[in-house]
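You will see two complexes here that share chain A, one where it goes with chain B and one where it goes with chain C.
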Partner chain A sequence: MTDNVKKHETPLLDELLKGPWPSFVKEFKTLQDKKAVANDLLGQLEYSYKTKLGYWKHGGIVGVMGYGGGVIGRYSSLAEMFPAVKHFHTIRVNQPAGWFYTSKALRTLCDIWEKRGSGITNMHGSTGDIVFLGTNTEELEPIFEELTKEGFDLGGSGSNLRTPSCCNGQARCEWACYDTMGLCYDLTQTFQDELHRPQFPYKFKIKMAGCPNDCVASIARSDLSIIGTWRDNIQMDQSAVLKYASDGLDIQKIVVMNCPTKCLDWNGKELKIDNSNCVKCMHCINVMPKALAPGKDRGATVLLGSKAPIIEGAMLSSVLIPFIKLEPPFKELKDVIGRIWEPWAEHGKNRERIGEFIERVGKGNFLEEVGIDPVPEMVKHPRENPYIFYDEYLEDE
Partner chain B sequence: MSEITVQAVADAMLALVTEYAGKKKLKPMDLTKAMREKFGDACEKQVCKDALKTLIESGKCVYTYFGGSFVELPHIEGAAR
Partner chain C sequence: MSEKQARITDIGPPHHDKFLPPVIKENYGKWKYHENPRPGVLVHVSHSGAKIWSVRCATPRILSVISIRKICELADKYADGYLRFTSRNNFELLITKEANVDPAIKEAIAIGYPVGGTGNSLSNIVHTQGWVHCHSAATDASGVVKAVMDELFVHFQEQKLPAKLRIALACCLNMCGAVHCSDISILGVHRRPPKADDANLGKICEVPNLIASCPTAAIRPTTKNGVATVEIEEEKCMFCANCYTVCPALPINDALNDGVSIWVGGKVSNARSTPSFSKLAIPWLPNTPPRWPEVVSAVKNIVDVWAKDARPYERVGEWVSRIGWPRFFKKTGIEFTKHHIDDFKHCGGTFATSTQMRHNG
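Up next, the complex of A and B:
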C-alpha cells in the first residue's frame, strides 16, 4: 500500500478483536499495511456495519477459458470509495484428497495468491476447496496458469459436480472401511468434465467418509454420501473389554445402555453382541477402541439426497445402496453415479437438488428410472404412509 | 441419415443462443434437448457435449452463473460496469 493511502478507521470491526476467539479482523489487519485490497475490504465492511447494508454485487460471467466453475465473481458497488475492492472475485482450488499438503505446496499456493490476489485465504470452504478470496478479473487467467503449472486445478462451482471431498481415511484412521482418499482422487479424475462444465440443474456434491462416524458429515452435507461400513461381525478382544472394566469404565451404563438397538449384553465378565441387530452406530467402538473394531468384510453404504436449506428445507441423505464393495477402479459405483445423474439432469428443474427431485417424482419412480430395486434399508421413515400397496397384495385381491 | 457432426451441432447451438440472447438464458441441457429435437435421436448426448465444449473453447459462448449455470454469448455483465 502506498504511504499516501489512508488506513480506514474500523471502530465497529475492532469490537470483534476483543473476545477470546480468533478474529478475521485481526488477520485482515495483518495485511492492511501491505495490501490496499485488505485496507479497502476492512473499509467497506466497516461501512456495511455502519449502514447495516451489504455492498457486494454478484458477478456471473467471470471465469477462466473453458471452465464453467471455480471462480465466483464479486464486485463492489462502492468502487469509488473503496477502489481496491472494485473486483473481489473468489477462486476455488481443488484441495488434495484428505487435505494433506507438504509445507512446500502450501508456500507455493500462498506465494501465487500473495502475488496475484489479496493474500486472504479460507482453508477450507464448506465443500472442501482451498478458497482464495479477492482478486481482479485480469488476474484470473495468470493465476489459473500458475496453479496448473504447480499441479493444482480449480474446483467446482455453479451447476457442476462440486469438488469431491473425503475424510483422511486409511491415512490416519484404523476405522476407515475403504480407501476414501483413493476413491476421492479417482472420482475427481473420472468426472473432470462434470466438475468443470456445468450440465446439471444445480450443484451436486459427493463426500466420502471412511466409517459411520462420518467425520466429514457427508450424510448432511453432500448429495451423494459414501459412508464406510461392514457387514460381518464387530471384531472384539474380550481381554481388552475386561481391562476397560477393571480400569473403571461402567460398560453397562456407558456402552450397553447407549446402544440404540440394545444389541449388547454385558454380564460383568463377557460382552456379547447380537451383530444381526447392530446398526453400525459406532458408539461401542468409539468408547472402547482398544477392545472393539469394525468387522473385516468392509465396504460402504451409498446414500443420496442431503442438502442445506435453499429452495426446500435441509435434508439428510437416505440409503440408496446398503452395501457396496469399494475397490479400484470403482466401476460399479461410477456406473451408479452416472445412472442417478441421467434422470435428474434430464428432468430436474433449475436449482433443484437431487434430493428435492426424488421427493418430487417419488422414490419409486426414481429407482425404476435408475434401475435399482427397492430394499427395506431405503425406508427413511417407517410407516409414514400406510396407503402403500405392494404388487403381491393387489394380486391377492 | 448422414452422420451428425460436432461442428453442425455447435453451429446450431450457437444460432439458438444468439436467437435467445437477452430474452432467455439457456442451460446446457436446454441446448442438448433442442438439438435432439432438431437432429433427432441420432444426435447423441456425447455429440452435444463435444459441441458445447467446442463453443466454449472457441470463445464464441461462455458459461455464466445467475442462480444456475447458463450458456450465453460473451458480454460485459451489469455488475462489472
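Up next, the complex of A and C:
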C-alpha cells in the first residue's frame, strides 16, 4: 500500500548518509516513497537534530485483548507538524531462540509489518525481541491476529516477564555447557502467563549463556542469569597445544600469565593445569580452541539480580546456585524460579527489581525464604561489618 | 476481526528447529572447535568433520522491511535461506559451501552491510532508542552510534586490537541498553531538574503518583496561583526522568544542558577478570548533531591510548587495573573533577584507602 506521501527536507540527517558504517537514515529513506509515517518520522527527527530535543510522549494504556504487555504506547508531541506519527506505538514480538531465522519466516514478518505499520523494525531490541516501531492503536488487534496465525506471539513489557533470550549455544558453539536454546524455548513456553500478564512488582528478565564468556551479557542484563560451566577437568589435546606453540603463540605470556588463579604451568613442552584451582574463566580455552575445551561434567551457575541503574543503582547478578545440571525437562530449575518469584511477588514494593528486593530484605533471609542453604560461593567474602541481625536470642528461663 | 475463528493466544515464539540449517541440526551439540579464517568469518568444525561458515555483517539495528528482504535475498543466494541475528545487532549468514563465503562477503559489503566484528575487534555498538522514539532521551542514539562507528570502522573490519572492544550507548540513565558493563559506554545525561508546567500539571497528572515516582523524594506538592502543582528540591534531583515518564507536564529535556557522558572499563565476560561496571571518564560533552565531533574524538582518543598501551588480551578495564586510574587520566589527557568522585549511596567503598601509588613516571 502506498500512502500519499509528503517529504521533508533533512539536511542534518543527510550528513549521516555519509561514511562507511550502515546508516539508519538510509533505512528510513528506503520507505520514503511508500510510507507517510517514514517521512514524518524523518521530519520529526530532523527537527530534533535542529533543536537538540526529543518530542515523544509516554504512556496511554494500549495493547491487545487479554494481554497486559507487549505494546508500548508512544505519541508525538508535534502531531500538527508530523501527523503520520501522532500514534507511534511499539510492538515487541518474541524472537526465536538464538535469533535463528529462515528468509521465509523473515519475509512473512516483513509482509505483516509493511501492511499494518511503519515498516521500520529493530532487529532486535535490547531484551531480545523483534521490535516493530510505529503503528496506530487500530492496527494492534489485526497485527496480533496475523502474527499468531503465522506462529509468532508478543513479548513482555511493564511488570511482566520479558521474552527470555539466549546465546546460540550448542547450535553453533563448541563451548556451550548446556542446550541454551532448548532451555530458552522451554522456559518461554512454560511461563506464557507471566510473559503476557503482569504479576510481578516490576519487570523480570531471564538470559541464558552457554559458557562463562556470556555472549548475551546475562550477568549484567537479566534478573536471572543462567551461565554454563563445568566441574571436572578442562579437556586437553597436548599435541594441539604444541602446534599452537610451534605456530608462534607465546603460551607463557598470552595464556599462562593471564590465568587469574595461576593454575597453568608451561615448560615449553607440556602444558599442565591445576584443575582444582581453575575457576573456569575460559581464557585459556578462548586462546587455544583447538587444544582445550570445557570439561565433560557440564551444567550452569545460576545468578540473580542484575539490572540497569533505576532505582537503587546498577547491579550485577550474584550467585544463587553455584552449579546445577540442566537436562530437560529442567524440573529443578523451574522449581527454583517459582520459589524465587514467590517472596518477591508477595513482598516486593512497586517497581522494585528482585536484586533490590534481595538487598532490602537481606540475601540470607531471602535464601531462607527460598529454601536454599547459604554457601561461601555466594559471596566475594564474608561480611566485614559487625552489625549482625539475629532473629532470636537465648534467655534465662 | 472475524468471530468465527478462535483467537489464538499464548503460543510463544516458533520453535527454533524450524529455522536451523540441516548441518546445524545434524551437529547440534557436536561442535569440536572453531577457527577465524578472516575478520568477520568463523568456521565451526564438528566431530563428524562437518563445517559451517558464519559471515558476520553489521546493521544499524534499525532495519526497514525493504532492507530485511534484501538481506533475505543474500541468505537465499549464499546460505540456502538460513541466517541469524546476534546479541549485538549483527546478522550472520550460515553458509555450508566454502565457495560461497567470498562472494557472500563481497555482496554483503556491496549492499551496505560491512563484514567484521569477530575476534579482537570492535563489534557493533549496542544502543537504545534516542530521539527516534523515546520520551526521556538526553541525546540521540542511532546518530551518535553512526558517527562513532564511521570513525572507528577499521577496528570493526580488522582484528588488530589488544582484546575485544565492546562499546554501548544509552540515551538516558535508565539504560535500556544496559550499557553499564562495557569497555566504553556512551550515556546521555540530563543536567537540569524538570520544570513544572504549573498551569497544566494538575489537569493532566496524578500528583500522588508523580510524587511516588521520584527515587530520591525530590518532589513536593505545592499550590501556585491557586492551582495544585509540584515543586522540585533541585539539590536532590539526579536527573533520572522518572517523573517526566509519569507526567508530561514536568519536562526534563533541555537543549542547553542535556549532553553525553563517557564511561570506561566494564565487561561482562568472565574471562580472566570478573565482570565489572564501567566507571566515569568524562561527565559531560555537548550534544552536537548531526555528527557529535566531541564525543567521537573523546571515544577515539580512549581507544587509541588503550590500543597502544595495553598488553595482549587486556580489556580496557584490565588495562586500567594494571596501570591505575591516575595514569589513565594522565595518558588520555582527561581532566579529573569532583564529579568523578561518587557521592551516592555506599560511595565510601570507592575511596582510596591505602598509600599504594605510582608517584614516579
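In this section, the second predicted complex is superposed on the first by the 371 of 397 C-alpha atoms of A that agree within 3 Å, B and C clash if a C-alpha of one lies under 4 Å from a C-alpha of the other, contacts with A are read in each partner's own complex, and residues count from 1 in each chain.
Here, a contact is a pair of C-beta atoms (placed from the backbone, for glycine too) under 8 Å apart; a residue touches a chain by one contact, two chains touch by 3 or more.
Note that this is a predicted model, so its numbers are computed, not measured.
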Combined model on chain A where chain B meets chain C, clash or fit: fit
Contacts of A:S159 with chain B and chain C, given as first, second, both or neither: first
Which superposed partner A:D179 touches (first chain B, second chain C, both, neither): second
Which of chain B and chain C A:C167 touches, first, second, both or neither: second
Chain B versus chain C as contact partner of A:D193, first or second or both or neither: both
First, second, both or neither for A:E346, with chain B first and chain C second: first
Broader residue contact with chain A after superposition on the shared chain, chain B or chain C: C
First, second, both or neither for A:G355, with chain B first and chain C second: neither
Spatial angle chain C-chain A-chain B, Cα centroids [nearest 10 degrees]: 120
First (chain B), second (chain C), both or neither touched by A:Y202: first
Which of chain B and chain C A:G66 touches, first, second, both or neither: both
Touched partner set for A:G228, first chain B, second chain C, both or neither: neither
Gap in Å between nearest CA atoms once chain C and chain B share a frame through chain A: 6
Residues of chain A at both interfaces, chain B in one complex, chain C in the other: 57-59, 65-67, 193, 350
Residues of chain A touching chain B in the complex: 57-63, 65-69, 72-73, 75, 87, 137, 157-160, 193, 197-202, 345-346, 350-351
Interfacial residue positions of chain A with respect to chain C in the complex: 12-13, 15-16, 18-28, 30-31, 38, 41, 45, 48-49, 51-59, 65-67, 74, 77, 88, 90, 94-107, 109-111, 113-114, 119-124, 126, 133-134, 141-142, 145, 148-149, 151-153, 163, 165, 167-168, 170-174, 176, 179, 181, 185, 188-189, 192-193, 195-196, 212-221, 227, 253-254, 258-260, 280-283, 286-287, 289-290, 293, 308-314, 316, 350
Residues of chain C that touch chain A when the two form their complex: 1, 7-16, 18-20, 24, 28-29, 31-35, 44, 52, 54, 58-69, 71-73, 75-76, 81-87, 89, 91, 94, 112-114, 126, 128, 130-137, 140, 142-143, 145-147, 149-150, 153, 156, 170, 173-178, 180-181, 212, 215, 240, 242, 244-246, 248, 253-255, 258, 266, 268-273, 275-277, 287, 289-291, 312-313, 344-345
Chain A contact footprint on chain B (complex, rising order): 27-29, 49, 52-53, 56-57, 59, 62-69, 72, 74-77, 79-80
